[in-house]
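Per-chain numbering from 1; labels A, B, C and D assigned in written order.
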Amino acid sequence: MNNEELKIKISELLPTATFEEGTQWLTINVAPGDLHLLATQLRQDTSLFFDYLFCLTCIDWKTHLTMVYHLDSTKFRHNIVLKSKLDISSPAIDTVSDIWKTANFHEREVYEMFGVNFLGHPDLRLLILPDGWEGKRPMLKSFEDPINMIRL
Amino acid sequence: MVEEIGTTPEGDIIINVGPQHPATHGVLHLVITINGETIKKVEPHLGYIHRSIEKMCESLTYRQFIYVTSRMDYLSAHINNHACALCVEKGLQIEIPSRAKVIRVIMDELTRIASHELWWGAMAMDLGAFTPFFHAFRERETINDIMEETCGARLTMNYMVPGGVMLDIHPNFQKRVKDFITLYKSKISEYDELVTGNIIFQNRMKGVGYLSPEDAISFGCTGPTAKGSGVSSDIRKLYPYEVYDQVQFDEVLETGCDSFARYMVRIREMNQSIRIIEQLIDNIPEGDFQAKTKAVLKLPKGEFYQRVETARGEFGVYIVSEGGTTPYRIKFRSPGFSNLSALDQMARGSKLGDLVAMMGTLDLVIPDIDR
Amino acid sequence: MSNNSNYKDSSSIPPLASGGGGASSSGGGALQYLKDVFNGLKSLATGLRRTLYYFTHHKEIITEQYPENRDTLNLPERFKGEVVMPHDENNEHACTGCTACELACPNATIKIITKFDITPEGKKKKALDKFVYHLELCTMCNLCVVACPTDAIKMAQTFEHSVFDRSELTKILNKPGSKIREGIE
Amino acid sequence: MVIEMVIAGVCVIGLFAALGLVLVLMERRVAAWIQIRLGPNRVGPKGMLQSLADTVKLLVKEGMTPNGADKFLFNFAPFIAMMVAMLLMAPIAFAKDFQLWDLNIGVLYFSAISSIMVISILMAGWASNNKYSLMGAMRSGAQIVSYELSAGLSILAVVILTGSLNLNEIIQSQADGWWIFKGHIPVIIAFIIFIIAVTAETNRAPFDLAEAESELTAGFHTEYSGMKFALFFLAEYINVFIVCAIGATLFLGGWMPFHIGHWEAFNHVMDYIPSSLWFFGKTFFLIFLIMWFRWTFPRLRIDQLLNLEWKYLLPISMFNILLVTLMAILGWHF
């Protein structure tokens, strides 16, 4: 499917979704509450079949966080990007690790680096950071660490 | 006297494999639960070499941040640099000279061969055969010498820059690459004699670490790990960049889904890389090796994503720009991170000795996983 | 294997894995058994022949005897060992002190201290005072050499940088009393 | 009598030290040449004194005992390993009329004592209070007990043909030709099985599961350091030497020169070569064989290791015993 067809199809699935213009791939903005439902449909719909989540990350915009999901279909080879705005003070979103298993590790990384709470995640613990770093959110722009960070 | 420690309530033993362990090739820490010799659970603990490269890159300019990526997957340093350079070029919307494109692809493929050579030796060493390690290094050193002559370094080259390559190829480059191809072809049969055909090796590999195609996709496995499960995932074929759409090569796929399939993918992939180099080495177009770029690079506001195929799988660079001289946010999608997440599923139910074979064929590079 | 069968038990491992170490038998009669044994031994013999070849052919040895071969060691001219500033016979260099390298460096390896010279016309002119180079921070990325507009610095082929005191790695690249070559702006 | 024993004791200890040094150096050279390297070349002429330097290093190193270990067993285990190796040295005929103890059940003695080796490994693994060590020890136990069987059965092939358990008589019976030639196919099969089985019994690669450094870091001797480790290390090499000496004695005629039937002139020339040279030549050939295996093959997995024994080696050697018996009764051997 090309981007136009995808746009129509996704609008049908989730009428509240908005689309970004001028991006490399079709970019869809979704409310955090709708994300899991849409993701399930994207994975299961036989004409979409987004079975490969190749990148999951988070961006700190200082005022809010944005979760970014890059999806690919191994069958049709079309790509989309899902984005979801989160509140910076207590970010939370449904996990997608039940849809794509790779999200398990990627969400754990985002959890410790950005402090995003993934609801329903089976094993939300620190993966990369050592013990004692719970809740420190080192990848946020506001993070300061006078000992471990060297500014040039 | 001898105390009972580190056991689960069911009486299974918990063993720490790593962070200092001969088979983890770096500082990977796996906490495994075993019952006798049978693995029940594998739980990776990462971060022993985490340098937060993504955060570091936020304070480096678009020219500067590329060298850092050599330190991630140091065995695919060229390809990592290539991905970053491509992503910046995508943002700047500049077309690079065709000479630079061809040089980049040749370098990528040489890197891929060098990486697979090292993997071959190290994997055989994990299985207890030491000799292949030294034999693999003989060929790998030749590639390193070629790199040293043209790029000035053996491992962390920083050769790809936005707009092309940093320096033109050395006058000896073509001759030495051809010499290497001759050497490689005369030695590759030894690999089969020493390792591939060996009955002990085959028994250690076949049926070990089963990863179904569905799981491979779901876990985001790429590169030889996915190709060994028959999943077509070669970015060079699916989303061609540079001159990959103009050269003849096959995407190597095996359907065994086990460690032996992943092993064979890498061995056959080396031959495909040789094929690509053979097509290009005599056809490097004349012209500039670098496009004219401004002294200070500024990417327009927006998001840019570039996917490339490293020796380990799909490497992605995601740059979020606010229009300044430094990236606002960079995300590196490293292949090893996703491949490692499948290890638990692969290892459950197999023997402790198999874990080594599985880790060997996943070809884990720890700085690539930790970033 | 279906999509959801997450954790294979040992019974689902293909038969080859549970075969013997000496050979792989997945059923079959006595003939098959002997054939497996024979093929297994043959594959082992192939490997043994290869290693015996190397055991007896010492010309294949590739060891480089490093400290002894120092004199014959030939590093390519592009090898990135450390940043140096070439001076000519009049103790003159080509550095204008423009700080392009300092800005290009990702690790703050280079620190340029400038001074003001008085030209014969009596004007003040910015000139290099000290080119401080922190080798201990350098990653040999070559960006400074590329950035230099006057080719004042280049990469040297030295690589034996070990010292007992870290401070010895901080170097001042312009020689004492050196000045900028005529005609370089 | 006492003086004799003291002399013999001193000789054995001297031989031990010398053998350890020579074998370690040999191992490193074989490994290096196979791996297209030079090997040790720094200490002494052509690196000859490298293993001596290593010994000095191990001697002066602190022999640590881990906190949670069973101290007595932990420190005792290396000595058992060494004692077993020393005991095994007794019945070996190094040259013509040179044997410490001409035992009339020499073969049985060898089989019995070499099994004790496993106790020291189990002891070391258990007492270390380390999971890696324990697993290495357990693996080793399963392995050595299994491979004793086929090693014993392949030795039995020669015993059947000779009709004696006395090592000296076995050597004498090979005066007109070694058993590997006289007994043709069945003895060759027995010889191959013997080599595989003793490689496993001495925990050498590809059967070094007890150590398996890529899986268990160092297996049963993970916690050992200094001289205690050196004793294990030395015992391993002495054991390799002993099993190879036994193999040479049983299958290759021990110190007996190479004789062909009634070619008197040829046999006479062969007799001029000293018998000790014959013995050591054969033994070191077998040692080279085992080292050659080590540097060529990958390691087996534990279940494959046991499969190899119980599904392949044991049935084959049992069948082979039948063949040998038949051959001995019908006189098909030369």
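We adopt the following convention: a residue touches a chain if its C-beta (ideal position, glycine included) is under 8 Å from a C-beta of that chain, and two chains touch if they have at least 3 such contacts.
If you're wondering where the values come from, they're calculated on a predicted model, not measured in any experiment.
S.K.: Quick check for you: compute each chain's CA centroid and the global CA centroid, then name the chain with the smallest gap between them.
M.R.: Most central by this criterion: B.
S.K.: Can you identify which chains form the pair with the largest number of contacting C-beta pairs?
M.R.: B-C
S.K.: Between subunit B and subunit C, what distance separates the C-alpha centroids? Give it in angstrom.
M.R.: The computed centroid separation for subunit B versus subunit C comes out at 18 Å.
S.K.: With chain centres defined as C-alpha means, what is the inter-centre distance between subunit A and subunit C in Å?
M.R.: Roughly 37 Å separates the two chain centres.
S.K.: Could you tell me the distance, in whole angstrom, between the mean C-alpha positions of subunit C and subunit D?
M.R.: Each chain reduced to its C-alpha mean, subunit C and subunit D end up 45 Å apart.
S.K.: Can you check how far apart subunit A and subunit D are, centre to centre, with Cα atoms defining each centre and the answer in Å?
M.R.: Taking the mean C-alpha position of each chain, the two centres sit 61 Å apart.
S.K.: Please set out, as single numbers or ranges, the residues of subunit A touching at least two other chains.
M.R.: Residues 152 of subunit A touch two or more partner chains.
S.K.: Considering subunit D alone, which of its residues make contact with at least two other chains?
M.R.: 34-37, 295-297, 300-301, 303-304
S.K.: Can you pull out the residues of subunit C that are in contact with at least two other chains?
M.R.: 18-23, 44, 47, 50-51, 62
S.K.: Which stretch or stretches of subunit C touch subunit B in the complex?
M.R.: Its residues touching subunit B are 1, 3, 6-10, 12-24, 39-40, 43-44, 46-47, 49-51, 62, 75-76, 78-80, 104-106, 139-143, 146, 155.
S.K.: State the interface residues of subunit B toward subunit D in the complex, per the touch definition above.
M.R.: Residues 1-3, 6, 13, 15, 21-23, 37, 124-131, 133-135, 138, 194-195, 198, 200-201, 203-204, 351-356.
S.K.: Under the definition above, what is the set of subunit D residues touching subunit C in their complex?
M.R.: 30, 33-38, 41, 292-293, 295-297, 300-301, 303-305, 307-308, 311-313, 316
S.K.: Applying the document's contact rule, which stretches of subunit D touch subunit B when the two form their complex?
M.R.: 31, 34-37, 68-70, 126-127, 129, 131-132, 135, 139, 205-206, 208-209, 212-217, 295-304
S.K.: Could you pull out which subunit C residues touch subunit D in their complex?
M.R.: 18-23, 25, 37, 44, 47-48, 50-52, 54-55, 58, 60-63, 65
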